[in-house]
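Chains: A, B, C and D, in written order; residue numbering restarts at 1 for each.
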Amino acid sequence: MENLLWLIPALPFAGALLLILFGRRMPRNLVAILGAGSVGFSALITLLLGFQFLSARPDFYVQQVWTWFDVAGFSPGIAFHLDALSLVFVFVVTFVGFLIHVYSAGYMADEEDFARFFACMNLFVGSMLMLVLADNLLLLYLGWEGVGLCSYLLIGFWYKNPANGYAARKAFIITRVGDTAMAIGLFILFQTFGTLNIQAILSEAPQTWPVGSQKAVLTAFLLLGGAVGKSGQLPLQTWLPDAMAGPTPVSALIHAATMVTAGVYLIARTNVIFELAPPAMMAVAIVGAVTLLIAGCTALTQYDLKRVLAYSTISQIGYMFLALGVGAWSAGIFHFMIHAFFKALLFLCAGAIIIALHHEQDMRQMGGLRRALPVVFWTFLIGAASLAALPLVTAGFYSKDQILWYALAGERGNVWLYLAALVGAFITAIYTFRMVFITFYGEAKTHVSHPPGLVMVVPLVILAILSTVGGFIELPHNFAHLTLFSDLLQPVLPGIAVDETIGESEWMFQTLAAGVSVVGLFLAFLFFYARPAAFQETITRSKVTMAIRDFWFSGWGFDKLYDMLFVRPYVYLSKLNKADVIDEIYTGMASLAETLNRALSRTQDGVLRNYITGVVVGAVLILTLSLLL
Amino acid sequence: MSQIDFHYLMPLLILTGGALLTMLVVAIKRNHKIIYVVTALSLIGSFLYLFELRGLQRHVVEPLFVIDGFAILYIGLTLLTSLVISMMSYAYFEQREERKEEYYILILLATLGACTLVISKHFASLFLGLEVLSVSLYALISYLRMRERSDEAGIKYLILAAVSSAFLLFGMALVYASTGTMTFEGIAASIASAYDLPLLMLTGFGMMIIGVGFKLSVVPFHMWTPDVYEGAPAPVTAFIATVSKGGMLGLLIRLFMQVEGFRFQTLVLIFTIVAIASMFAGNLLALMQRNVKRILAYSSISHLGYLLVAFLAGNELGVEAITFYLVAYFITTVGAFGVVTMLSDSEGDAEQLEDYRGLLWRRPWTAAVFTAMLLSLAGIPLTAGFVGKFYILAAGVNTQLWLLVAMLVLNSVIGLYYYIKLIAVMFQQPEAGREPVERLRPSILLASAGTLAVLALLLLYIGVYPTGLVNLIEGLISPATMVQNPSAPLLEAAK
Amino acid sequence: MTNIPMEAGLLLAGILFTLGLISVLIRRNIIFMLISVEIMLNAAGLAFIVAATRWAQPDGQVMFIFILTMAAAEVSVGLALILQLHHQLKTLDSDAANKMFG
Amino acid sequence: MIMIWLIVILMVGGVLAWISERASIAAPRWVALLSVLVPFALTIYLWQTTSASATSPWLLQLDIPWIPQWGIGFRMALDGLSLLMLLLTFFLGILAVLVSWREIDNRVGFFFFNLLWVLAGIAGVFLTMDLFLFYFFWEVMLIPMYFQIGIWGHANRNYAAYKFFLFTQASGLLMLLAILGLYFIHGRQTGTYTFNYFELLGTSFTPEAARLLMFGFLAAFLVKLPVVPFHSWLPDAHSEAPTAGSVILAGLLLKTGAYGLLRFVIPLFPTAAPDFAPWAMLLGVIGILYGAILAFSQTDLKRLVAYTSVSHMGFVILGVFAFNELALQGVVMQMITHGLSTGALFILAGFLYSRLHTRDIRQMGGFWSVAPKMGVIMLIFVMASLGLPGLGNFIAEFLTLVGAWQANNWLTVFATIGLVLATAYSLRLMQKTFYGENALESHADAHALPDLNLREMLIALPMVAAILWLGLYPQPVLDTAKPSITQQLQAYQEPEAPVVAPVAQNAPVLILPADTLSTHHSTRGGAYVTD
């Protein structure tokens, strides 16, 4: 059975290949079937393998398909490694991926480049699976870059609009910055361990590097660089909101559920190295905490539905980073899974709205959609509740609560991290329900023309169910103490020790967290449903609040900052030197020769007496030389 | 003079006889074809006689001449070059109204002068050879009397050559005054023990360098070169560029080797400066030039600079290199001027760059030959010029003349520019190129074309397989051992 | 005779030579230039004779005769050329013969 | 003998192509195609049938006396490195013939003559093991290339052709000086005056001499590669050359520089090269960054691609001077994959030019909608040029960087930053051509840009297949290169061992009777067998 492992990434790749080669000549139905079907089969195999894995409980399955290359003992294979961690990711990628593919068949139905879309999507799923299944970091890097490429292709799917192309390039380049750091990290790892095989490195590292050793810290930071780029965390988060230029299913799959969490996967995968580098762990936590606050604040101010969701994604991944940073590995992964469900759901709902409103994304043009799109409303509401972590009934509550708790009580946690996470949860609740109220309540501003068809609705419903029940596989120990998920991950990810002194008061903090999200919901109700005008007035009255709002709206000015610091100088420098200043040296040499030529030509004036003078001068010189020396 | 002396001097005597015979024939009947045949026969005869002399011992005709392998090599080279030039002259002069017959007398006499130069070992024979060569050249340069430029070139050459002769003579007189002998070995003997040259000698050598430098057209005595090249008829230009310079170079080598001039830093320094200046001046002057004959003139200045690099190496390898380079250079130059001759019409010589535009498409074979010649001048592989340049560089590197070698490399690059500019002009699209006013009968051009073809093939052959020529040169020069110089046992291991 | 040192003779020849050279340089008339060159040649001849006297050899005299012969040949060719040039340029100014340059 | 045949077939084919022009205008094309296909098939055959023995990396050797007086022989030898380079040469040669099929319509015969002779010269460079012969071929390949640029090039062709010729000549002559210096030093030490590569390998120098000679060799190779600041001939030559010329320039001529570094600089100067290594690597890094920055702002499509070559070739020198197997394997891969990817980009530029008659990317854009096939191909090679894993260039760059990291951390960091800049220019290229609003829509005829036809697909698909193959399973290539790379590095791996017995001035180590010279067995050159 585990011999089928290679098929999981291979099927989507095969689908992509067929679609690239023959897609344009295929009927649309076939394209959709091929596209969704190949991912579906992958999901099926995952299911089979997953059952086997769960029942047999091996540490991992490994399958080497072929040796990629072998140079001087460096022999990374095209080899797949399935353990609990990858299983979770593969499961999410294939299942959510499959659902989104199905949804896309409806969403993209009117698109001209139907085949290209599915080809890219399949290529993406394949690369993503490669990433999470890779048994060595180089293959992981292949998947890593592959998903980057697909992200580029899909953000720029509507290539005719230069803005989309810009967003696509921005995404690729900024993530490439992170990738570069990661590549350097790989160099260090290879130099130290002579291999890039993940398991080998993880088992070697503790023997080679003492805790806190300089190299371990450096490596961890470099890997963090890669993770930060891919996952849209500070300081490389600016590409993700712009990435919303792609079709909405793309945003759902790539920029919410899967690719952007690759950073989380990388850190979790190399957890041993991070454990050896406490400063890096701290950095992960701080990056997460700061990012979740900044992105949350920005999400409060956005009007573009997809941008709100994008910032929310950044913020939620911030939670995952926070969890990883405090050593709550399985909590981070758990949140990843739950987030994948509800964020994909939210995006798909947003997609349904957008397509229903003729590609209208501005929330101010929406409103009152509750009645026009009831299914979308309910599913969106479920997703939003999960995102806002409304207590008890949502999956989001359980996953986020774990993170909050460990941020405080974990051995690496502290009050500040906890406070940041708590405030973040509060903000999350506000902006989530701001969306709900503005979009679905109030009066309708745009006519709904295009209600979603069955292919679109079914994935919504399934995801809505998952967003609710997904949380019940891991319940707090003071609640029901169900630890299915963390048990699963136990062999891969180390557990977390809890500070016993505050262990007693866990109830209190859980209630606090629940309360915060309910208060947030209430405030959103107040500001955006009950008294929107008054709230608006409060904001606009004061210059300070206006300035804050503008600052938040601009994503805390990062875009502008980078533009000024990097983009403009680079473009300016490049344009300035377009003609290549070094060429001037050679042009100069050429003109020097020309000048000399002109000067010498003047001596050849054709006058006999001057020629004789030349001879005489030469004679004098020679005689002087021979007499003087 | 014994009988054996006559035997050894026979090639020169044949030439003299040929010249006299031509004169007589002209007196009897002016016929271009007959004169042409007589000339060719006497050159060929003279050349064939050289085979008689091969392998014989070095022979000295006291006190004036010495005939050794070196001399035979240079005489042979001179004769062949003259032959080739006269072959190409036929078509050239056939289309011109002037009396053409005396031209061949002058060619024969000039060749005789050059041959005398390379076998002389005495100031008197040196002077005689030089003047026979020079006076013939005055007439040759201005042979096309009706052309204003011919006359101008002639008078310029005459005055300058006379001035330089005066320098040479005065220098010889000073050397004579200092040593009391005019034979090379006598001079060598008198300074053999000297660590430093006496003032009189130095002045004398200095003034002789002026005379020699003029003939070689090296900086700063080069200024006549472009004007004379431009004004003289194309075949004569070829003659000046090759035979006249080759003869003088042969003499210079013999003199310098004999007196071991390389021992004296001053002389070496002078030649170094002259070499570098010639390379630069020649190449820089040619850079933007638009007259092909002038380009070739300037290029010859720089090539003499290159030759001086090998000359300064001052050992057997250097002499071999010079000789090899001369062969390559002769073939190339004669070939290049041969093309110019071929393309010239009765109006004037084909010397403007415009005349060559699109030549590759109009007359592909001619253009191909010209391209090959230019590439050889530039020293690009597959041509003899490359091997020659390689040889010179080898000589320079061997003696570790790094400065000169570096300058040579630098100048090769500068020079490349105008050679490939010429080539580029040839493959540009023709824009109603100036066709020759009247074309000769193909049969007349056949000789020229055939000669050019032979030259081109030779160029490639030597470029690809230089072994034969190298063997010949080494075989003729080594036993000559003009100087018993033990400090240069080079390359013997590889032989 | 013998009490005139060789150096003096050579000096005389040198002065003559220089005079000739200077006059070649400053004269524009081609005939005069030719004459000046002859002076230089004869200066060289004189130097040969002085040298021959020093060594009491006939070689120098022989050289002088060579020089004379050669000078005659040169002048004859030169005059012919000058004639032709005058025919074309209508002047004997050597500076006028500057059609070729560059 | 097969090695000579490879070259002779090309040369004869060239002459035949020229002559056959009289028969018909199509004849030279077929002649040319055939005369490249045959050597290609022969090389593949060689690749499949021969393998390096445990003791010697040499697969074939040949030694025919040529100018025995000077110790010059027609010496050739084939090892894995040469074999790979030959494969690349003939592969790109075939493509170059195919792209010229319709593009060249005047003086077809002469064009193919030049094309084939360039290839012959390049093949000679990759095969020869005699330094004189090496220089000979080194120069021989320039002239036909010069003609190609000068006759069939674009508007500014003369300038470009001059520049190309002057740069390469100047640097080549410096190499010639170094070769001569090497020749005489070796000759004085051993009494054996020879240009035989295998014998010269053991020469020992004073540090001063070694440095000077190495710089002589470096001059030629660095200019050819090219390394900033000697690169300025390249953008002009590449952009003005006809498509086939650009392909050969970028794909092959630059590789001769890299090959020279591997074959000559590294093994000949094991003492001087490490001293220079940091500087060389610095030059490489500067090249990577400088080329990338310049590529970013170019508006001429071919010029842009040309500057990317500058950037990519920076990796080559970076890797070469890292002196380890990883880096050198990376370099070999880089030579091959860059040949393919940049060749492909030039071919695509040629396709676009033949349709649009412009190379200005400001006048392009949005072509995906009309020419999606071309778009996919372009995308693949753009991705290759930015080093996307899965394509050959990634393996090359990664191995190079991993290897370079062992040698110098900081420089490798900066080189890695080059990957980001590569992304910037590559994506800009894609954006300006295939993304955005269709630039042709404003014209009356929106379909002025037909998609790739069958012949063009026939050119493009093998390249795609090759670059994917190299990206996913490069092992055959790596295995082929391995023995020769180990060989080149021998002097570096065991620094304590007396690699080169220090040869005293008056105690020649090699005392050989003159007549055994041509079949002399040099320990460092491997068993020397004439075939």
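Everything that follows uses one rule, which is that contacts are C-beta pairs under 8 Å (C-beta built on N, C-alpha and C of every residue); 3 or more make two chains touch, one makes a residue touch a chain.
Quick caveat: nothing in here was measured; it's all calculated off a predicted structure.
Asker: By Cα centroids, which chain is closest to the centre of the whole protein?
Answerer: That would be D.
Asker: Does B-D or A-D have more contacting C-beta pairs?
Answerer: Between B-D and A-D, the larger count of C-beta pairs in contact belongs to A-D.
Asker: So, what's the distance in Å between the C-alpha centres of chain D and chain A?
Answerer: Roughly 39 Å, centre to centre.
Asker: Compute the distance, rounded to whole Å, between the mean C-alpha positions of chain A and chain B.
Answerer: From the centre of chain A to the centre of chain B is 78 Å.
Asker: With chain centres taken as the means of their Cα atoms, state the distance from chain A to chain C in Å.
Answerer: 96
Asker: Check each residue of chain A and list the ones that touch at least two other chains.
Answerer: 601, 604, 606, 608, 612
Asker: Could you list the positions in chain C whose residues touch two or more of the other chains?
Answerer: Correct list: 21, 24, 33, 94, 97-102.
Asker: At least two partner chains per residue is the criterion; list those residues in chain B.
Answerer: Residue numbers touching two or more other chains: 155-156, 159, 163, 226-227, 417.
Asker: Quick one: which chain pairs are touching?
Answerer: The list of touching pairs comes to A-B, A-C, A-D, B-C, B-D.
Asker: Touching chain B in the complex: which residues of chain D?
Answerer: Result: residues 66-71, 107, 132, 135-137, 139-140, 142-143, 146-147, 150-151, 158, 161-162, 165-166, 169-170, 173-174, 176-177, 180-181, 183-184, 187, 191-194, 514 of chain D touch chain B.
Asker: For chain B, which residues are in contact with chain C within the complex?
Answerer: For chain B paired with chain C, touching residues are 123-124, 127-128, 131, 134-135, 138-139, 142, 145, 148-149, 151-156, 158-159, 162-163, 165-166, 169-170, 172-174, 176-177, 180, 182, 200, 226-227, 230-231, 289, 291, 294.
Asker: Given the complex with chain B, which residues does chain A contribute to the contact?
Answerer: Contacts found on chain A: 593-594, 596-598, 600-601, 603-604, 606, 608, 610-612, 614-615, 617-619, 621-623, 625-627, 629.
Asker: Flag every residue of chain D that touches chain A in the complex, lowest number first.
Answerer: Contacts found on chain D: 163, 228-229, 231-232, 235, 293-294, 296-299, 324-326, 329, 366, 368-369, 372, 376, 379, 383, 388-390, 394-395, 398-399, 401-402, 405-406, 412-413, 416-417, 419-420, 423-424, 427-428, 431, 434-438, 472-475, 478, 482.
Asker: Across the complex, what residues on chain C touch chain B?
Answerer: 6, 10, 13-14, 17, 20-21, 24, 30, 33-34, 37, 40-41, 43-45, 47-48, 50-52, 54-55, 57, 59-60, 62-63, 66-67, 70, 73-74, 77-78, 81-82, 84-85, 88-89, 94, 97-102
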